[in-house]
Each structure stands twice: as C-alpha cells, then as structure tokens.
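Each of the two complexes below includes subunit A, the first together with subunit B, the second together with subunit C.
Moving on, here comes the complex of A and B:
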C-alpha cells in the first residue's frame, strides 16, 4: 500500500484559506519585489527547452540538452558577461530599448492591463514589474545612480536567480502590446520582452516551441516541416473536399511563374483544424473570382517565429516572401489570415527586406477584380485578404447568401497583431456582417485596440504550458461567455492561425458551447458559386440550416 | 431569532468578509485590484468570485435547492483550478464561510440557543466542499482532454495525408468487395 506523504496533514477550515503560501511574507514582498526568493519554475507555466539540434541548425549559441526544471541550466561560464555585453550592444543599436529603459515613471497605468496578470493575479505579470526585471539590471550596470545607490535607485545585480526570473517571466508575456495602449509614454513592453528574449537566447535559453518552427521554416519552408510534395498533396485533398461539398472543382496552382499574385498564409491553415476550413475558403474564393494567383511551396509559411527569437532570425525567415515574389515575377503579394505575420509584414518587412524586391516586377497592388488601388500597401506590396475581400463585397463582386450561415451567431476576437499592430478593426467586421446575419461584438474594453490576447501568442501556444494559457486566456473567455449568455453566440471568428488553434482549447475549458472559425471559411460558405450543386453541407461537411435531414 | 434570520440580517457584512478571506489567498499586491476594479471585463476573477459567493450565500439560505449553486461554484472553481493553488487551496475557499460566520455570529448563536441550526448549516457548507471537489476534478480532467484533442487537431491534416486516418465514405456499396482479403 502506498504511504501517505507526510505533507498530507488534515487541514482545518481556517487553515485552508490561511495557508495559501503567497502571503507577502512568503513572497518576500515586505522587503520589496527585488528581494524575492528564487523564482520557482512551475510545470504548466513554462515551455520545454529547445533541442540542441535546432540551435545548431540555426547557428545559435550554446546548443545542449537542458531543462528549466533542473537546477543547472548548463550556461556558458562567462554568461553574465555575455548578457551585459548583449545589453550594451542593443542599447546602442535600438533607441527604443534605451528609451524604454529610462523613461518609465512607474505610474502603474499598465499594471492591471495584462491578461496574464488579470488571470493569474501574480504581481510579476504586471507589465511594469516584468519590465523592471530588466530595468533593475540595466540601472545597476549602465546608470550612475544605479551603480552608486544600488537598490535605493531600483538597481540590482545580475545573478543566476535574477536570470531565471527573467526567463520565467519573459515567457509569460505574449508580446500582445495591450499594456502599451495605456502607457502615457508609449512604452512598448513587447519590445522589452523581445530584447529580453534576445539576451537569454545568447545563452541558449530558447524554447523548443519557437526553435522547432524556425528551424523547420528555415530549412523546409514552413513551421510544420512539411516538404513541397506533401504541401501540394494536402491542398489536393482540400480540392476533393471542396468538390464533395459544393460540386465545384477548384484548381489551385503552385510555384507558377508569371502569376499576377503570390498568396502566402500560415502553414497552420494547411495542416491544423479548424484552420484547414479557412484554407478551403481561400481556394473557393480564388476559384470563383478566376484570380490569377499562385501558392508557393517555398514561401509556404506566413508565420514568422523569428519575431519571437531575434530580429536577425525574423529577417532571415521573412526574406522568403520577396525572394519568391521576385522569382515568380508576381505583381504583388496577398496575405492570408494571420496575426504575427502581419506585424512582421506591416511593421518590419518594408525596412528589413524591401531591398530584396529590387529588380522584381512588383508594383503597387491593384485588385484585378475591382480596380481598387491598395495605396496603404504601396511600399510593402502586400495586401491583407480581409481588405481584399471587403473591397470585393463593397463593389458587389461576390454573390452572397448570408442565410447559409444562419445557424451561426458570431462574435469576433480581434487578433492582437492586426488590431494593435496595424489598426485593422473594421475590415473583418464588414466582411462578417455581409456573410452572416447574426453578429454581436464583445464589450468595448475587450475588443479593437483593447482586445485581450488569446493567452498563447508569441510562441506560447505549446501544450505543456496549458495552465499559463488558461490564465492568460481567461479575460478573453470571460467576454466570450458574456456574449454567449446574452446573445446566444456560438461562433468565435478570428483572423489568426494561432488563435484558430488555441481559442478552441480555451473555449472548450471556459465556454464549450462556442466554436472557432476563420473569416474566409464563413465567406466561402455564404458564396453562391458558379455551377454549384444544391448545397446541403458547409465546408466542414456539417448540414446547412434547414438541410439537416438531407445529409 | 432563527439562524436564517440572523444570516439574512447580516448578509452583506458576512458576504464581504467571506470575499475578503478568499481574496487573501491571492498575492497582497493584487488584492487591491481584485477588490476595487468593479468592471467585470477588466477584472473577471474578482467579479466571478464576488458574484459567485453572493449567489451561493443566497442559495444556501433558501429552503429548496434550485441547482444554481453548482453553476456559481463551477464559475469560481474553474478559475481557481488553473491558478497557482494546490487542489485543497483551490476548493478550500468554501470553508472561509464557516470561519466568518463563527467569528461574526458566535455570541448570537450561543445567546439564541441555535447551535443545532448552526450545525445543520455547517453540514451544508461541507456539502459545498464535496461539490467543489467534483467540479475541480472535472476541470482538471478537462485540461487533460484538451491537451489530447489539441495534439489531434494540430496533426489531423498530417494523419489524413499519411493515410493513417481514413474515414469510410458514406456510400458503402461495394465496401465488402473492397474489404475482401485478396491474399486469402
């Protein structure tokens, strides 16, 4: 018979509420946040360490087997020097980093805006405190006051415990930038997290959920490591499915030189449900329009986990888009529904890689169907598919029967990056309202620029950190639950591949009556297609309203 | 005065104290936020707790059970089951009510000679704890299910592609023919 552990004392009613051990004293908070005891790395709250082969493939430092749960992280002997040198280099290179280290006045406006803080109540998830983890080391090593006055000036030494605390909390930030909306100085905590992750990566402290996709992406073309023939076969499977459900056989092309448009989307849409139905939606739309568009098995990934690693890796992975556009001779790039892909393409790609487009046939994107010039995409030559579709609808170029979506009551989750990274609020809503009859927004302080993260952005969409994801996703789920109870919402629409993957988990836990969809899945379901058979099912093979008996 | 009357009379005071006791299970730095931010979307944890225990308290005072208790307990436990608590800490908040009532109503209970009513009421609270245990276990089981489902979904396409997952067509004519083992 198993022995009962000694720690299993019978608790008293008083004890059960008293003995929770994050009292101020146990956390060391009475002495101030800086003197807390070493951080306890907890299972469910962090991601597994990168395998050495990933780091080797990318030429990243210190490849080895290690685990955050181990006492010894197998760091290089001169790790402290490496971090401080790295910090110095980045302070010189990125003015924003220097500025964000200096100008915070600790007003606290950001403190209660982070979804991880709201869901966990862990004070170190307040954006200000998370940033202070780095700032305290910055002050100690790079400011006169910090050097002289130490803790009084909010400065502290970089010790192994501090480093572990950095790492633990840098991977409890999804770089969603909600806090920055409320900062009176415009401090972008996401960029502080990025710098922190770059610094810890110098010691080989990468996580596998990020390192594996970048390794695959760098060598095979996409996050999943899918080779070109498999990518094509998967799409052919969609072609059969679409024909099965609609009676229309779509004919996508791959790596086709001379096409007008190159289409790039996250590989999650091609291989992971329910993103696959969105991919089928793209196929239907392109076919119906007769669009001169090609898919690429080389630029087969819209996502870019380099964004969560370092600016160099991000640049390297992003380069494929222009390289392929140039090779195929397309005029412009159409981008699928993705979150962080659009932060990279909208905010960084132009300055990072535009020189690669020199000598290509790319020009200011013009919709071949409506003639609309996408002036906003003049520099990057890349258009968001929701803008493209919204323009089609506005110009009456799509035959739509929104009643085909009448079994859906829809709300929309603004994905952080398109929302806060490119101010993309109305286009997706305009599309949704034209393809389905029942749409209800969530409360104002949970959408648009104030949108709550899915809880799993910035490479935290692994399985092993599920507790973290549920805590971080709680504010989003709470708002969905509200519209579910008030309006009967049963579908959560989003324009991000990570959202499509992780919101399903979040909904299953908090609001199981609500399912997740991409927008172009609903668009395709509402489209009246040339030569379609009498439709009885949607792209998931599920019966349309009123057709429940005909399956 | 009966215990029920006493509990009704002191309702807001007791609920507030019970709420305080629960909030004390969170880090001190965060308690102010959980207590003061009244917007239910900005502070879902605080809102869920306060709304939940208020309703649970009212339900406990009802003669007949409406079934709503488990709904409100579910809301609270579902949150605490993924927060930084051991299982006993996650569900132990219900015993906070015993603690509060003992402290607040001890002299009245003795004076009115209603110790028996109090014992019965305490049993109700014990029942709540058992219910919480069920809910907590279901929540954790759900987490495991989600992890399994999540892996299946992520690789669903790959499995289909590899021919490892094949759904039989609806029209199964000729199926028997195809199924015959030719090598027999």
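Moving on, here comes the complex of A and C:
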C-alpha cells in the first residue's frame, strides 16, 4: 500500500469501509429524519467557505469571512425572506424544479445509487432525502397541505438549522445525475442541487473551491488564475518537453486571428500532472496534422464552475468562448477532454450564448483533414476532440503504433457529465482501442450511463474534504480494483480534467497500482511522428516497452 | 415523523374515512331517521370527480406554464454522432436525437416503466467487495399494481355503460380465465392486492425506504387497499345488489341521479373511499401520473448541439470582455509576444 498523506486526515481504506452501515440504528423506528436536525458538520466532509475577496468582480452577495464550523454564519438579517423569495422565483423559472418538488413518490429506487450514500451511509445522502430537505420547506411555504398540516404533510419551517443542513448536503452532491437514470419520473437530483446552490449563493454561502475558480476565470480567463504571459510560458515548457522526448518541435499559436479552429480545454491540464501530458498530447496531434488551430489565453478555460454556482455565472463565464471565436474569426471550436465542460457545452452553451456568435465567421464544423461534417454540432459549432480524433483514425489519417502503449492495460472511467449529459461512450473507447492493445471495461453497472462519480465532481475537488472524496470515490475505486485484479489493469483513462486531478488521489488510496491518464496522452504516445527521433520514452519521460535499457 | 406515528396517522385517517359513510348511512337512519344516501351516493361522487379533473388540469397547467430554460435530458445510451458509430434501437430510445425517439422513450417510460427496469441493488460486502445486482422486484410490483388497477377500472365500466362496450367483456373474460371460485375470481383483483401488499411491506421492511416514508406514502396504499378490500368483499362475501348499484351508477353518468333501494352500506363505504381517492389525487404524490409526461430529463431530445433550444428568460448578463481583459494584461501580453488589439497608448509609455 502506498503511503496515505497525513494531511488527508482519513482512516485507512479498510477502516473507512468498516464504519459504513447502510441501515444504521439512526434509521430505526424511533426517529424520523426531520427530528435529526441540526446536522453535525464534520471536518473532512465539507469544503472551506468562500473568502470575501472572491467573486467581487462578479458581484456575488454578502462577502465576508465565515466558516461552516462556526455557530454564526453571518447571514443577512432577512436571509429567510431572501431564500423563500429565491425559491419562489426559481419555481416559476424552472419546470424541472417545480415538477421535481411535486411528483416524487419516495419509492427509494435512487437510494443506493448515490456514490456518497454508498461510501458514507449517511441517510441524507440518499438522493430522495437530499431532495426532501428542500421539498419539506417547499411544502411548508408553497403548498396548502403543508401549510395546514405541517409535519404530517412532510412540511417544516426554514430555520437556521435547516439551512445549515441544506448547505452541508448540497455540497455533498456532485451533480452526477446517476440517480436520475434510475428514477421512474426522471427526477434529477443535480437540478435540485443546482437550485439549492443558487439559493445558498444568494446568502454568500459558496465554498472557496468554487468561488476562487469563478473569480479567476472571470478576470484571467481560466480557473487556475493563470495570466496570459504565464499561460504561454507554461505551454512553451510543454513544447520543450515534447521536443525532448520525441525530437519534434511543435509550434502552438495563441490568440491568433484568422485561424480556422479555436481550441478550448480546461486549464487544469495546463497546470497539473497528469493532465499536462494530455495537453502535450494535443500539441503533438495538432502539429502532426498541421492543423490551423489557435489556443486562446482569454478563453483559456473549458470548464465552468459557474455551473456549480448559478445559471447566470455559468453564462457569464461561458460567453468567452463565442466572444473569442468571433474576435479571432475562427470557423469552429474544438473542445478538449473535460467532463462538466461538456455538460455545459452540450446542454447549455447554445441556449445561453449562441446569440454572441451572430456576425461571426463560424459555420458548421468540418474536419479539414478528413472532410467529415460534424452534423451533430451544426448549431453550437463545437466538436469534442475525441469525436475529431475518432474520425481521424477511422479515415486512417494518423500513423499509429499501439504497441508503444503495450505496457499499459487500460480501463476507462466514463465521466458523469459526458455520460449522462451527452451519451459520449463509443468515441473515446474507439480511440483507446486504436492506440492501445489492452483494453478492458469495468463491470456494466459501473460504466457508461451507470458510471460512478470520481467522488469530487461539481467543485468538491478540494484538499480539505478528502474523507468525502474517498467515500464518494469508493464505488469507482472498487470497480477499478476489480479489473485490476482480474485483468491486471494498470491505467485508468478518463476524458475529464477534474478526473485526472482527483482519480490520482483516489487510486493512491484504494488501488495504488493503477495510474491515471487522459486519452490524448495515449494517442500522442502511439503516434508515429514525421521526423521523430528514435523514441525511447513517452510524454512522461518514462521508458517505452522494450526500451527500458536505453535510457 | 417516525414510522409508527406515520402508520397511526394514516391508519387512523382510513378508519375515520370508513366510519363516516358507515355511521352516516347505517346508523343515522336508525338513530335519528335521517337519510344521507343522496349525499354519499350522489353529491360526494360528483364533487370528487369535479375536484379530480379541475385539480389535474390546474396542476398540469401550472407545470406547463413553467418554462423549460434548458434542454437537459438524462442520456442513457450512446449519442447520435459520426455516421459509422451505429446505435441500436435501445440507444436511440434511451438517448433520443429526434422527436420520434422522444415519443418512443416516453412510451417506454409511461407504459413499461423503463427507468425502474434498470434498478439495481447494492451488495455491500466485507472490505472492498461492493457489487451491484439487477433487482426487478420493485419494477414487477409497480407494473403489477398499475396494470391491475387499470384492468379493475376498465371492468368497472360495466357499471357506467349500457350496452357494455365489447372490450369490457373481453377483459372480464381474460381476467377470469382460470374460472375458479364462484362468482369467477378475477386475477386482477388478487394481483392488485398482492402488489399493494408487496409495496407496503417493502416500505416497512427496507430500512432506507422506511426512513424516507411519510404519512403521505402510507395513506394512499391503505386507501387503495381498503377500496380493493371492500370491492372484493362485495363481490365474493357480502354479495352486493348489482342491479340496484348499476341503477345508481347509470343515474350518475346520465346526469339523472337517483338512489335505488337495497344498496348495502358496504357499497357506500367503497364509493366514498373512491371519491376520497379522486379528490386526493391531484393534491398528492399520485399526480406523478400526469407529471411524468412533463419531465424535462425524459421528454426532450439530446440534440442541443444541432438544434438550439430557446430559454424564454435568457438573462442579460455582464461579460468580462476581451477589451477589458487586454486592458488588465496588455503590457505583460506584449512582453510575452502575444498579439494585442491596442498597443500601449503613448501617454502611458514611460520611456
């Protein structure tokens, strides 16, 4: 077992699992769930509060120093009014919210589908109960039966304790939508969590791990707060690394007007390993194809933590993509590997911001290499890099030597958002199978539309909530462990920058023999490049199979 | 609200609901000589039906008036993509790209409970042995309950039509296929009772489900069980006077209501509980029947990138423009060799 850092403050994996009891005594006959409020806010199971300096540029309400562990959350005096007004407004604006407040029959089909419930056994992490936290307040304030009958009708007042309970559990949901797949009415807890988080944001109750990225993204163009010159410098470092390992010097361009394609990817891949190797993979691919593509320092973020804050913030951050596409005069946008980015780009972007593309030179995306029209993206004009690469491989436009990845036995983690917000299953698998000789899927109840969250989605990928992350990641880790033991899997491929950052920790904790990679890292490693030197190492500088001695 | 209180409350409510017509129709005439059959046989049923329809329309209109700002289907199969990535029929329905696909998905959802069919059960073993097994019992009981209820409803059309439509007698024949007991026992009634009992036991015995249950979950189960129970009693035990009852029910549908002689109190209890169910329906979780049709994660196609979805209240928001961004970083950008729109203004040049 690899060393688990002390700072994580988590028990050993066995210890963590041992405490888990899905029908604890607290679910006994004596107490209903409503009488278990106030909730105990546990360290390790929540993220730190947003600092007051965050999001001032975005004008978010009630900036102040506060902590969830404190008694006093320093709320505005009329906080209750603000929440109930906000609830009323959203009930009128989102059919999903109104409907999902009304039609749940509490059949419990969703209960054991949530990774946080599986790993923590906290009853309020059952999707149905997470929603009931809000529903109870809805009934009390917006239904006649609730007003008249109170608790008999499942209604309760919005008190400070209730609000704290909301907050605790709204930030223990990763908006992965797994429960919505199993709900007979399609009730989507992500919608309820999103509404709930919008309400908490009216009071200034965001977590810093979300508030900081949205603040950075708004001003510097990306979540990491990388300024333009630094962004270029970091990319230049990749250029040197690529040359070092392959002998080929790639030449990316930035903010270049007149390029055919704008490439947008999460800044996490520019910032931290192992995402950086995926970023290097993109550079290699674009260079080899001679693609007329530009990166942007202004639209240097594919991800969108606004999705975890409010629909307005999401729109404000997303708008940069079309604004930049128009300014640079590109024909279409190519999007990198990212999870929630593609939820936004698939299900929200066109609706929110397509107006900004009016008067631009954008048109239905066509691959300049194969001539393939991406008809399914003719409105938003944005193509997923895995679609793009799958099309290249299908048309034999890449020289590939998959044996260069023969030291890898690969499985694939479907990221929640492309899985359940898009249906993106075959494209990445097709690419992987063409660049690797050894691929094994995890069991069917843990992949594709039934995939499990990495445990840290929707802005919960902080460092202070490691226990929550390990608990939430348990079902995913368990499935990886299964294929590791059965097939000797040693690489976990994913198409999400947050996955690349957090699955490393999860694997270190549960299955240390397995490492994490993006797909385009493996693509670049398998590519036979024009003018490459005799390759002995991959993009990580690690020896290729059969070349272990040559370093 | 713990399970015991919930059971007492909903059980108590059912007892009261049984007692009301019993006392009113059976005891009042004896004690005070007052006859209230017209109230329970005519007024309340009419009222209940009106509340049902007005209530359902109110609910559906309220939902329908509420906008759908984003197209957010839960995609449960491969998306429509490059032409050589083939999708089978299941994927086309679980992740529809076209309207026809959506219609198919909704038909499967409404008639076959597609999503519930996916149900799995968590087996949390020792250490890291977490497994998921297929679990179709809930689906089976839900299908059994809803379809048996439908068949029972259709069979009851014999009381509201003259002559009886052909499909009612066909259903009666099929439903009594096994020809046991006298009068012939209908399987639908027995299955309905069995499915309801399963759903109730499940709610009581599975700790997680029991924990989330409210009186509003037990009450409809008790109510429908009691309705089924009184119906079965009238058919097999305390035989009801079917001719008189049909006189009453035909009176109701032809808007010439009358109260015939010889109808037992059991019938009035049955009818009153049915009236309660109708009136309760639109204001309870039972509206899921109409709500499922409007669910945005099911009734929209996954074609956002090809066809724009319009948000009627798409908010106007302040964007941090490229110009503002360049103003913040212009000098650093120039120094790094990044292209800029505006060179540094001469007045700002210090050299």
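By definition in this document, the second predicted complex is superposed on the first by the 520 of 551 C-alpha atoms of A that agree within 3 Å, B and C clash if a C-alpha of one lies under 4 Å from a C-alpha of the other, contacts with A are read in each partner's own complex, and residues count from 1 in each chain.
Keep this in mind: a residue touches a chain if its C-beta (ideal position, glycine included) is under 8 Å from a C-beta of that chain, and two chains touch if they have at least 3 such contacts.
Owing to the predicted nature of the structure, the values given are computational and were not obtained by experimental measurement.
S.K.: After lining up the shared chain so the two structures overlap, which partner does A:533 touch, if you call subunit B first and subunit C second: first, second, both or neither?
M.R.: Neither: A:533 stays clear of subunit B and subunit C.
S.K.: In the overlay, work out which of subunit B or subunit C sits against more residues of subunit A.
M.R.: Counting contacted residues of subunit A, the larger count belongs to C.
S.K.: Would you sort A:74 into first (subunit B), second (subunit C), both or neither based on which partner it touches?
M.R.: Neither partner.
S.K.: Taking the superposition on A as described, I'd like to know which of subunit B and subunit C A:399 touches: first, second, both or neither.
M.R.: neither
S.K.: When the two structures are overlaid on chain A, which partner does A:387 contact: first (subunit B), second (subunit C), both, or neither?
M.R.: Touch status of A:387: second partner only.
S.K.: Check whether A:104 is in contact with subunit B, with subunit C, with both or with neither, and answer first, second, both or neither.
M.R.: Second partner only.
S.K.: For A:270, using the defined touch cut-off, is the partner it touches subunit B, subunit C, both, or neither? Pick first, second, both or neither.
M.R.: first
S.K.: Taking the superposition on A as described, I'd like to know which of subunit B and subunit C A:234 touches: first, second, both or neither.
M.R.: first
S.K.: Looking at the overlay, does A:112 come into contact with subunit B only (first), subunit C only (second), both, or neither?
M.R.: A:112 sits against subunit B and subunit C alike.
S.K.: Which partner does A:470 contact after superposing on A: first (subunit B), second (subunit C), both, neither?
M.R.: The answer is first: A:470 touches subunit B but not subunit C.
S.K.: From the superposed pair, tell me which subunit A residues show up as contacts to subunit B and also as contacts to subunit C.
M.R.: Touching subunit B in the first complex and subunit C in the second, residues 13-14, 17, 20, 22-23, 27, 29, 111-112, 118, 123, 126, 233, 443, 445-446, 474-475, 478, 510 of subunit A appear in both lists.
S.K.: Which positions of subunit A touch subunit B when the two form their complex?
M.R.: Spelled out, the residues of subunit A in touch with subunit B are 11, 13-14, 16-20, 22-24, 27, 29, 42, 111-112, 117-123, 126, 224, 226, 230, 233-234, 237, 270-274, 276, 443, 445-446, 463, 466-467, 470-471, 474-475, 478-479, 482, 501, 504-505, 508-510.
S.K.: Name, in rising order, each residue of subunit A that touches subunit C in their complex.
M.R.: Contacts found on subunit A: 13-14, 17, 20, 22-23, 27, 29-35, 57, 91-96, 98-99, 102-109, 111-113, 118, 123, 126, 128-129, 132, 144-145, 151-154, 177, 180-188, 191, 218-221, 227-229, 232-233, 254-257, 297-298, 311-312, 315-316, 319-320, 323-324, 327, 345-348, 350-352, 354, 372, 374-380, 382, 387, 390-391, 394, 419-427, 430, 443, 445-446, 449-450, 474-475, 477-478, 481, 510.
S.K.: Using the touch rule from the top, collect the residues of subunit B that touch subunit A in their complex.
M.R.: It comes out as residues 21-22, 24-30, 33-34, 37, 39-45, 48, 78-79, 82-85, 88-89, 92-93, 95-96, 98-99, 139, 142-143, 145-147, 149-151, 153-158, 160-161.
S.K.: Name, in rising order, each residue of subunit C that touches subunit A in their complex.
M.R.: Subunit C residues touching subunit A: 1-6, 9, 59, 62-63, 66-72, 74-82, 84-85, 91, 94-95, 97, 109, 113, 115-116, 118-122, 124, 127-130, 132, 138, 142, 206-217, 283, 285, 287-288, 291-292, 294-298, 302-311, 313-315, 317-322, 325-326, 328-329, 332-333, 335-339.
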